[in-house]
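Reading through the structure tokens given below for one structure.
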Amino acid sequence: MRRRFEGIIPPIVTPLCGRDELDAAGLERLIEHVLAGGVHGLFLLGTTGEGPSLSYRLRRELIERACMQVRKRVPVLVGITDTAFEESVNMARIAANAGADAVVLAPPYYMPGAQPELQEYLEHLLPELPLPLLLYNMPSLTKVAYEVETVERAMDHEGIVGLKDSSGNMPYFHRLMALRGRRPDWSLLMGPEELLFDALIVGAQGGVTGGANVFPKLYVAMLRAAWAGDLVRCRELHSAILRVGNALYRIGRHPSSIIKGIKCALACLGICDDFMAEPFHRFRAEERALVQSRLKEVEAELSRLNV
Amino acid sequence: MRRRFEGIIPPIVTPLCGRDELDAAGLERLIEHVLAGGVHGLFLLGTTGEGPSLSYRLRRELIERACMQVRKRVPVLVGITDTAFEESVNMARIAANAGADAVVLAPPYYMPGAQPELQEYLEHLLPELPLPLLLYNMPSLTKVAYEVETVERAMDHEGIVGLKDSSGNMPYFHRLMALRGRRPDWSLLMGPEELLFDALIVGAQGGVTGGANVFPKLYVAMLRAAWAGDLVRCRELHSAILRVGNALYRIGRHPSSIIKGIKCALACLGICDDFMAEPFHRFRAEERALVQSRLKEVEAELSRLNV
Amino acid sequence: MRRRFEGIIPPIVTPLCGRDELDAAGLERLIEHVLAGGVHGLFLLGTTGEGPSLSYRLRRELIERACMQVRKRVPVLVGITDTAFEESVNMARIAANAGADAVVLAPPYYMPGAQPELQEYLEHLLPELPLPLLLYNMPSLTKVAYEVETVERAMDHEGIVGLKDSSGNMPYFHRLMALRGRRPDWSLLMGPEELLFDALIVGAQGGVTGGANVFPKLYVAMLRAAWAGDLVRCRELHSAILRVGNALYRIGRHPSSIIKGIKCALACLGICDDFMAEPFHRFRAEERALVQSRLKEVEAELSRLNV
Amino acid sequence: MRRRFEGIIPPIVTPLCGRDELDAAGLERLIEHVLAGGVHGLFLLGTTGEGPSLSYRLRRELIERACMQVRKRVPVLVGITDTAFEESVNMARIAANAGADAVVLAPPYYMPGAQPELQEYLEHLLPELPLPLLLYNMPSLTKVAYEVETVERAMDHEGIVGLKDSSGNMPYFHRLMALRGRRPDWSLLMGPEELLFDALIVGAQGGVTGGANVFPKLYVAMLRAAWAGDLVRCRELHSAILRVGNALYRIGRHPSSIIKGIKCALACLGICDDFMAEPFHRFRAEERALVQSRLKEVEAELSRLNV
């Protein structure tokens, strides 16, 4: 059985040129940039995409424009995480109508459901969804994780086809990997890029790595090296991935620094605007200058590594 | 200067009779029930009202029907907390058009803004709001609190007229109380009813207490006793409030037990249906029987106390 | 039945004049200072006393000197919290031999016991203790709380005579207060001084308030006002207590600021040295100057209040 | 420069036959069991060794007996983590006198030091220690981690020769690995055995894995396979390690289940008694029967894998 959702699937940022205004040209350039880098899919409206911070109108516009731009060259996954059941269903329908390939769902993130409540929630939601579903484990933002037992039960549903884990909790990821035997078509995808090596080496299907917005070839190269069992190359690329994080994700003091760093780097490269949805704001001149200079160093290193 | 938002302001539950279906008759009965109990306002779409779990369509229907039913007899406050700036603004406009008196806002609850980001967020939002704003501090669900310094800055804005604190963090509440001198028109309201006595005795303006859905007279009596400085009566009523919590809020194992308990009690009293929005579900027969029998005990005690 | 452990019982700092060196003269002055202020007992080797940071030798020296200095004028309570059962027992024996009146125990703070394990732990420890035991609830440092059900079971043991709550969790404190009917001899004591008013007004037996090291009369006056039901005076003193905290406990960025502030204030007043046990260090000149000047303001205010 | 502290270094359990009573014969058998399994060192008085729960007298007895039994065949590391500076120094001296090779230190675990305080603490402690020091990162129990910047500064001290990471935080571990260039003699050791594969594949020096008490050959085989770059064998052994955890560490509901499982398995194998220090208690008959039967299954699988 073929797994459609594998490989490097960047959680693309949502290019904005003002409050509630999509940078449509930037979105087109961004999509072409990552496709040219060899990525295997796109994930819209995730955390890096500031999904929950966008108006429903803008989310719809983004989905429709992105699907049109992609033209089925790779699968498009759409985040439908919401606190209201009906709004998740609506977004899934919009995604299906636009031609997307799957929807992605973290637990409802205001009211903290207990695990049995979360299981029922999935069982109630699933029949309403017109597309296959990937789970999105993101406990630092949703407060509630999909615990191993809940994932185990979710695997009984054919409509649920995988999980993206952004917990950073590698023992959890290993426990999920150990369940794969039950569902050969199931995709386990790693979120945090520092753990992409760990995930691939034990057989994960890919990564939904924020840095692939900027340097898609780096993460695609890692995937290929891991699939080829080339440990030396893997270690080299793993070190480069860590350096990308050190260079770009820790400027500024707030947890929003990662998204700001990625958007700012894309703006420096002329790919798209770096306006951000509330409650965040783009880097100011000083931080932008730092991103600019570090970007040069990273690019030099990546070129030495041929990625 | 008069404070419009003081007294007992129940965070009313949202009566539902099915998925995405408002129990309109139940809502009318509930509003008349609490108004007959002497409450001083209504708070719609809070946590007890399952606000974030409802579709936008249903939220609008609730606001319009509730305002129509209240007919300006008491102020109506409407929760507009959202993860998307534009959706908060939209909801505020709906509230204003329906005739509500204020809006209530917790921090955006997916992306965790740092305090300076939160301050800017408030400054950007305020000019868009057609109604006065009360802050809603609820860190267990939003992950981020309005820290004391942020509240201090918020007091510089005339449009922000108070804060409801549901943190359960009494030292924090005392620190906010100490700031009141700056804004005599500012309202500090207590969320958790176990702390209503603590709050009133140091001069808080009132309480947004979930139990007032079921027993409005009890909380109104506490307010009056505190305002009259009658410590003996306060202690008596405080004990009764604690017993309501013991009786009704700890059935079942999940954090959703409080809302389930309140809705179930209202259903037992024939006031409204106890259907719940996803990811929660109403109590089953066994738990309902327990609520029923405990409700009798609580009612007997409250009648001895004349409330 | 008489409660021996009630009133204001300062958790006295451990005056040090160097690493592992007790400032014996400072200790004498400190004890006389707080006794002159009217306190009703002393608590040695608590958190404010840096108990767990001191060598066992120094803890013993402190206990013996303090008991000798107090000469039974008020009860002496000794912290015996430890991660090793046997060391708690040893410290309790030292306390009994020195003439102390009770021992105080938080949960073992390395290995996190579950509540049933904690209950058994208390049952095994109790027969080994030569003195009455007060529980010490301090979950921010021990990770594990004495949950309400565990306290309820502890009340079945005559040898356990009370609880000091430093959780800052007022709803928890109210739930414990509601259990008092079972044990009229049981003492509930409040730790955080911002909550002393809240605790006394619902009938708590007293407070173990760090600020009483410096300003014993202030806290004793609060106790008397609360016992007299004088709400106006209580509010006035409550405000003063909050200002002590604002003035002295928030200098420096680290959680150790409270103990540093108290020790520094005592040094400014010439009462004892402010050397601190590892991993902490006394304030430097700049912060000390700030304490000095704020101390003057606080003293002026307290003198206006006659305390 | 040679690294002395590398390989599989089991954090050995402390065999007890009663309260404060070392099972000396059990200790001898345990040491011979793990040495026969090919381990490269022993770590005494860690978390698995219930270090902080033991009396100082018993800790000393354990150190002396263990060093005598080992007779320098492999290095012995001794945990000296304490809340009191002087007691850590005392324990280090006892270790040196007994012939141990290094000491291991987690942050003081009652008072939470900020990172600058923790850095000073290490700088003050280091000159007092007669043996090389390894840091022990265990934030779930000590509340405070050695943050990356603190480890970076610690690397400037020759006396600090490595770090054992039990945080389970793989991104943190990768960041530490990236610092190795500065100190080729530095040892990075992994605690949680589910992450041993991840750690070794990026070049860590070894593991301090609790399961190596019971199945030393399994972890030694993993080390060899990783050093040989044999990915297929690594994956096979990694799966076996995960199954050991599933089989033995999740019996019972409490966080103490891991240590209880290991001790119980050792008792089932006739190696040592499974008495536990307070606040824990050994498994009862029912759970023991479960361990017994699962042990058989694990042994069968390990024998198929030749370990």
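Before moving on, here are some points about what is shown:
Order of writing sets the chain letters: A, B, C and D. Residues in each chain are counted from 1.
Keep this in mind: a residue touches a chain if its C-beta (ideal position, glycine included) is under 8 Å from a C-beta of that chain, and two chains touch if they have at least 3 such contacts.
Remember, it's a predicted structure, so these values are computed and weren't measured experimentally.
Here chain A and chain D face each other with the same set of residues for the most part; over half of the interface numbers are shared between them.
Chain centres computed from CA atoms place B at the largest separation from chain D.
Note on chain placement: the centre of chain B and the centre of chain C lie 36 Å apart, centres being C-alpha means. Separation between the centroids of chain B and chain D, computed from CA atoms only, is 50 Å. Listed for chain A are no residues, as none touches two or more other chains.
Shown here, the protein chains touch around one cycle, each chain meeting exactly two partners. Checking each pair of chains for touch leaves A-B, A-D, B-C, C-D.
Of all residues in chain D, those touching chain A in their complex are 168-171, 174-175, 178, 192, 194-195, 197-198, 201-203, 229, 231, 235, 238-239, 242-243, 246. Here chain C touches chain D in the complex through residues 19-20, 47, 50, 52-58, 83-87, 107-114, 117-118, 120-121, 124-125, 141-143, 253-256, 277-281, going by the rule given at the top.
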